[in-house]
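Here come two complexes built around subunit A, the first alongside subunit B, the second alongside subunit C.
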Partner chain A sequence: MNAGILKAEGLCKSYKDKEVLHDLDLTIEPGKIYGLIGRNGAGKTTLLGILTAQNTKDSGSVTYDGQPVWENQKALDDICFSRELQPTLFSGPNNLKVKHYLRSAAIYYPNWDLDYALRLLDEFQLSTKKKISQLSKGQMSMVTILIALASRAPITILDEPAAGLDVVMRERFYQLLLEDFAQTDRTFIVSTHIIEEAASVFERVIILDQGRIVENAPTEELIGQFRYISGREDVVDQACTGLQVLSAHQMGRHKTVAVRGDVVKLEAAQEADVDISPMNLQNVFVSLCGHGDAQ
Partner chain B sequence: MRGTLNDRSPIYLQIAQMLEDDILRESFREEEQVPSTNELAREYNINPATAAKGIDLLVSEGILYKRRGIGMFVAKGAGSMVRQKRKAAFYDGYVKPLVKEGASLALTGEELVAMIQQAMGEEKDK
Partner chain C sequence: MVRSFRFLFQFTWPNLSAILGFAVIVIAGCYATGVPGDTGIGNLFETYYAMFPIMILFMLYIYAFALCTSNLNLGLSFGARRRDFFWALQSIMVSSALLCWALQLFLAAFPGLAGWASRERWMLLEMFDGRPWIFPLTSAAFMVLGCLSGLLMIKRRGLGIFLIAVSIFVLMAATAILILSSETDLMEFLLDTEWGWLWASLPQATAAVLAVSAVGGELLIWRVVQRFVVR
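Moving on, here comes the complex of A and B:
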């Protein structure tokens, strides 16, 4: 499956006087699974909506294969953005039935794979006769996952697909995603707050913070730049020379710092009498986007 | 759970080991107070009972002692006690795995000893 490059340049978006996206650039290359992580209100859903021409932008451009995506049927045929379902719709209950929702997806997505959709329906034990408003949060997530996978769109975007799913279902979801990815080489963008269990699935991770992209890097490479260093205060301070210190905690003379730096400098720190431990993606995220709140 | 803790061994053991390291590095000296159960719980986002279990372990070994109504303190001679304890665990924890890995790589005893001597030399040069 040959997807083009999805590219955003200089995106700005405000809701009333609240600026949500600030002059944002992003390139999505084909054949990769991207993870999009950011705190509540960071602008994730707004960004995904604009990338797929479902939301308007104030300025900047979004192109697919070099052509603007806005009202571009050819581009939008290749892109699926499976939004989070809401129990209410236009101030009333969401009375659409699952089957109606699936039928509209079948019309909208030219690559719709009905067999695959039916298999997933069976596996998720979803009743097509149920109204969206009657589904549990987890079942709503299953519907959005089903649509995303069965759309077979070369670029498929899932917003919080793991929300409300139990841990067994979440593992199954990532398994399905990887199975499909191995077969089709589609491009996926997945946003999630349950970071750690998704980290090994993401080839690249995009970190959005306060409307800006602070990282867009290969996951392992990014994580490799971060460490915790702990030990006696003065020795730790010495060992941190040349490293970027992101946060520090102290109990008496025992000090723990979160640092970032290149591999050579991190290795040099190892010479001191300190404990150095690796971070996981969740630690990295908290270090970069915590702004002292949770720390 | 956060920060330097990992999920490779029980958390209370990691807390105990960390306090031991702090004692060896003189982050906490003899007769000095160590962080309370609640401070440890808050710092590492763990259950206070887990932190208490780590401290209790060191109390039972005489490395820490309790001053009623004040808190936990580092005992006299705690540093040498920790060193003694670590030495006892050194054979099982480091030497045996070293020999085992060496054997699986078909290293001879002479090669192994030569490597250890080389590493000791490098450590001395620092």
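Moving on, here comes the complex of A and C:
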């Protein structure tokens, strides 16, 4: 499946006095699975909305294959943004039915795969006659996932697809995602709070914090730069020489720090009398974006 | 634009079918309760039949409200181009106005064609004789108003509620004036006053106000659709 390059340059967006995105640059290359992670209010949904021309920007540009995305039918045909469904809409219940969403998707997505949609409907045991406001949170997530997968859009974006799903369904979602990716080589961008489960699926991770991209790197490469170092306080401090200390936790004379550094410096730290343990993606995220909250 | 038209049509045809179905029920109800023959009946079906133009305007207002709220949000969330959606919306509104105009003409002619007694009961339906442009223009203006009410309701709830209240007031005032002018000698009285020239130009003034409102409303709708943020 031939996807183009989706690129954002100098994106800025504010809501009244609050700056949500600040001078943001991002390039989404085809044929990869991206994870977009950030705290609540970091600007994830706003960013995704602007990338897909569903939200306006204050300044900057968003292009697809070099052409602006805004009002560009070719770009919009290639992009599917399947966002979290809401049980209420404009202060009233969302009385649209599942079938309305599916019919609308079939109308607008040129590559809509009806057979696949029907198979997923059956697997998820969803009724097309039910109103969105009558669905459970998990069922709403299933509709989001169904639309995204069956759209067969070259660039498919899912906003919080796993919210409300139980662990079995979340595993099934990741399985479906990987199967689809293996068959179609589509580009996926998945925004999620359930970081650790999804980490094994993400080829690249984009970390958004307070309207800025703090990291955009291959997942394994990023995780490889972070370690926990623990031991006696003075020994730990010496072992951290040349490393960036992100956070520290001390109990008596025992100290644990989260550090970042290149491979050489991390290997050098191993020579000290300290315990060094790897961090997972969730730990990395908390270290970068925790801002001292509940470490 | 075709995709957006198909998208909107899936929501529109049930609404228009409901209006046509309701007309069938009212006509059937009139026959079932003896309205055509007995002038002394005065029941609910007679009232609904006589007031049908007003009811159509009210229904078109509500349908346009929904078109420009949940339907707009859904369409844009699936990647519709905003200008395509705007023009598809215009096509749907024009089609709906034309279909309802045809229905109104049919309902106005039906008592005569079917030989119903006391045709003066249907003055409201026949008020458009000689001025066939009034009903489609009013339908279009009310759909624009409904659409605008919905869009403003999303952006500024207070302003949207205010516009809804104004729309309902205008509809009720227009209904009262139409009933008074058809059922009483109010118009003759007003035309005999020193401001008679003003009342004589009421149809043209109404047409001008409706047309300006429709055009102004469309410009606002275009602007709001261009800046709409999907939720």
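Simple rule for what comes next: the second predicted complex is superposed on the first by the 295 of 295 C-alpha atoms of A that agree within 3 Å, B and C clash if a C-alpha of one lies under 4 Å from a C-alpha of the other, contacts with A are read in each partner's own complex, and residues count from 1 in each chain.
The criterion applied here is as follows: a contact is a pair of C-beta atoms (placed from the backbone, for glycine too) under 8 Å apart; a residue touches a chain by one contact, two chains touch by 3 or more.
Because the structure is predicted, anything quoted here is derived from the model rather than measured.
**Student:** Decide which partner touches more residues of subunit A, taking subunit B and subunit C as the two options.
**Tutor:** C
**Student:** Which partner chains sit in contact with A:E9 here, subunit B, subunit C, both or neither? Use first/second/both/neither.
**Tutor:** A:E9 contacts neither subunit B nor subunit C.
**Student:** Given the touch rule stated above, what does A:G231 touch, subunit B (first), subunit C (second), both, or neither?
**Tutor:** The answer is first: A:G231 touches subunit B but not subunit C.
**Student:** For A:N55, using the defined touch cut-off, is the partner it touches subunit B, subunit C, both, or neither? Pick first, second, both or neither.
**Tutor:** After superposition on chain A, A:N55 lies in contact with subunit C alone.
**Student:** In the overlaid three-chain picture, which partner chain does A:S277 touch, first (subunit B) or second (subunit C), both, or neither?
**Tutor:** In the superposition, A:S277 touches subunit B alone.
**Student:** Which part of subunit A faces subunit B closely enough to touch in the complex?
**Tutor:** 228, 230-233, 235, 249, 251-254, 256, 271, 273, 275, 277, 283, 286
**Student:** Spell out the part of subunit A that touches subunit C in their complex, as residue ranges.
**Tutor:** Spelled out, the residues of subunit A in touch with subunit C are 49, 52-56, 71-73, 76-77, 79-81, 83, 86, 89-91, 94-96, 100-101, 103-105, 107-109.
**Student:** Mind pulling up the subunit C residues that touch subunit A in the complex?
**Tutor:** Residues 3, 6-7, 10-11, 69-70, 73-84, 153-154, 157, 227, 229-231.
**Student:** Quick one: which bits of subunit B touch subunit A in the complex? Just the residue numbers, please.
**Tutor:** The touching residues are 2-4, 6, 18, 21-22, 25-28, 32-35, 39-40, 43, 126.
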